[in-house]
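Sharing a structure below in structure tokens format, with a few things to ask.
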């Protein structure tokens, strides 16, 4: 069977199944919104008189609320079907299935989703950098009146030091952007040097303090760890807890020393050093095995979340949060419990 | 002469910028009098980091425009990337569809860029979240496939790794409770869920601690080399 | 047997993908329909997180750093929900920040899901505040060490932090007795320990919820530099069960809202997937050793 025929069959099956699902019970994948009427009293000031500003916002709401409101009053306008969010929901499901389709084979649907996310995420990060950092800090210092009058009225006035610092930041930033220019891109090396220098300066202190000194201190554990009973009737050490705790400490200290010996390549791994390095390898294998187990756990949780989205928000097969009254699922649930 | 000034601008000046910036951050950790200078350098760094986001966006636009103009293979997808990029940039920077803030209702630009009802928020919820989440979710499948193909108990080290993986995989789920929950209290340390905790707190801690200490030594050495101007590989070829 | 080995050796990986999908989807459907979840017994690290938050008195400021994005939301959103749930129930003054660009959205979603839904008496700006995102990674942490307002000058909705009641008494990051980070990578829990906790001389404690990939690397910091650790979705489920049982009304048989059972629901598919992984590793080794033995027999 040619690949293109396989895809046609797969898409046809999905369309048929979705069509069947849409015709059963409440259907699937619809989004609703609630009208929120905002009204804010504005006090009089030098530039304007007192007024009441009113506008309307539409916030997502559970389908159950729409159904209840419609039942109570079919002509109500507080809750409404949202075309934008419904189309968005179907788009999200399409993107999810398009990415999953890569598991079978590379295909145009996957490529489309990939192209979309590359463009969207680059622009998204740019917008966030602009509004969250550049506007309050850079423009807030260099063009404070503009920012104050148009965007952030409560931003405090910048100090002279802040203005000077932001001039430097702007200069470095413009040099960085020269990387895109056909000529003169070498000037971007200056802000890169600044970034590397700052990072190196930060990392020296932090890594020595937290990872070298503190971790070394934490390794100095007592090889005999007395565990005393918390009950006042008993006194002295508890035998087996003390033995296990001391054993754990001994294993920990030996493990750290042996693993460090393994990483110490200036000494040949022979004799005592060789045996210690071998023990270190064993410890590292256990470490990697544990890391694998946790990695699997992490990845599977992400997959579970996406499948939940498909079954809950898109197909309306399950409703753990009680956002809808899912008649099919509740009937099956009552049979299974 | 030109070569000399080029060397100064392209090699010496960046080196001294890195050294001075680095030493300011280093000294600000030890001398309270230099704390505010360290803060200032940090603030400059944060703004330059934000401008780097803009650089990333610009770089993407440049690469994809070049792909389209050269009609490279797959240029259609580059066009889609650019269209999505442009739309997101315009609706985000322009705060299109964003209602005014209840704090400052007279200012049209005061609303949050990702407020309910905004197009930017719509793009986040229905494009960014599903695609990025699903891309990460793909990894679960590849982990399973890799485990089937690559994990072989060929020697003692591999057996140790696999045994630990089995203990953690079972111990961190209900399977561990079912399989070893029947063990009496005096042998509770052998229950899979307790065994996995013990492995994490003793063996994993020992191994990772050694790795952390090793990395700390490496990072310290590399950072010191940069601050002393010995390591200039970050400048690219020529040194 | 040899036919079985031959099938295993030549197994198309797409069958493995299908098996993984079924092992995860099946339990999700079952749990979604029946509402049943698996019981959880909290481990010491999860209990430590709960105790650290419970030890704070009402009105104490806590810093919550959402250092993750929606891609890791499957593991970390349930943690965020329960952490905010416990903090809100305890009456703590919650200050939210993000060092990842998409963090502020997730903060807003968590505030909407927990605080606005179940704690409507809490006032924004007084009992909680969202300071949004700042770029710079560890440099932001460095600035926060000496001047918190310089690092985060305005809230997410544009109010200057000097005017925010929730930040009263906060000049530096170590004015917070507790830092709660929800971390997916860099910058995250490790950087908080390296740049803030180690420099604070014990003034500020830290608990973290992190992804499965990060968890083994954070264990060495526990319990000296890190006072509590929620590792992966299992840690989230354990912590959820602790918070739910402590906050459950004693005289009511009302069910726990589904949003506070998200991690426990995800432990069902975890079980299915883990059993599949073990089976795949065993089958892979059976095929490998069978093939090796047949080669040895053939040469001898």
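A, B and C label the chains in the order they appear, each numbered from 1.
Here, a residue touches a chain if its C-beta (ideal position, glycine included) is under 8 Å from a C-beta of that chain, and two chains touch if they have at least 3 such contacts.
Everything numeric in this text was worked out from a predicted model, so none of it was measured.
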item	value
Most distant chain from subunit C, judged by the mean position of its C-alpha atoms	B
Innermost chain, taking as reference the mean of every protein Cα atom displayed	A
Chain pair with the higher count of C-beta pairs in contact (A-B, B-C)	A-B
Centroid distance [mean C-alpha coordinates] between subunit C and subunit A, Å	10
Between subunit B and subunit C, centroid-to-centroid distance (C-alpha), Å	17
Whole-Å gap between the CA centroids of subunit A and subunit B	11
Residues within subunit B bordering two or more other chains	25, 29, 42-43, 45-47, 49-50, 52-53, 102-104, 110, 124, 128-129, 132-133, 135-137, 140-141, 143, 147, 162, 165, 169, 172, 200-201, 204-205, 208-209, 211-212
Residue numbers of subunit A (touch at least two other chains)	103, 124-125, 128-129, 132-133, 137, 151-154, 198, 202, 205, 207, 211, 215, 218, 287, 290-291, 294-297, 299-300, 302-303, 305-306
Multi-chain contact residues (two or more partners), subunit C	17, 20-21, 24, 71-74, 101-102, 104, 134-136, 139, 142, 158-159, 199, 215-216, 220, 231-232, 234, 270, 273-274, 277
Subunit B-touching residues of subunit A, taken from the complex the two chains share	38, 40, 42, 48, 53, 55, 57-60, 84-85, 88-89, 91-93, 95-96, 99-100, 102-103, 111-134, 137-138, 150-154, 161-162, 165-166, 168-170, 172-173, 176-177, 179-180, 186, 189-198, 200-205, 207-208, 211-212, 215-216, 218-219, 244, 248, 251-252, 254-256, 259-260, 262-263, 280-297, 299-300, 302-303, 305-306, 309
Complex interface listing, subunit C residues touching subunit B	11, 13, 16-17, 19-21, 24, 38-39, 41, 43-44, 69-74, 101-102, 104-105, 108, 134-137, 139-140, 142-143, 146-147, 150-151, 156-159, 199, 215-217, 219-220, 222, 231-232, 234, 267, 270-271, 273-278, 280-281, 283-285, 288
Residue ranges of subunit C in contact with subunit A within the complex	14, 17, 20-21, 24-25, 28-36, 71-75, 77, 101-102, 104, 132-136, 138-139, 142, 153-154, 158-160, 162-163, 193-195, 197-199, 211-213, 215-216, 220-221, 224-225, 231-234, 257-259, 261, 265-266, 269-270, 273-274, 277
Touch list for subunit A against partner subunit C, complex	103-104, 124-125, 128-129, 132-133, 136-137, 140, 151-156, 198-199, 202, 205-207, 209-211, 214-215, 217-218, 287, 290-291, 294-308, 311-312, 317-322, 329, 332-333, 336-337
Parts of subunit B lying in touch with subunit C, wherever the complex brings them together	25, 29, 35-36, 38-39, 42-43, 45-47, 49-50, 52-53, 101-104, 110, 112, 114, 121, 124, 128-129, 132-133, 135-137, 140-141, 143-145, 147-149, 151-153, 162, 165-166, 169-170, 172-175, 177, 193, 197, 200-201, 204-205, 208-209, 211-212
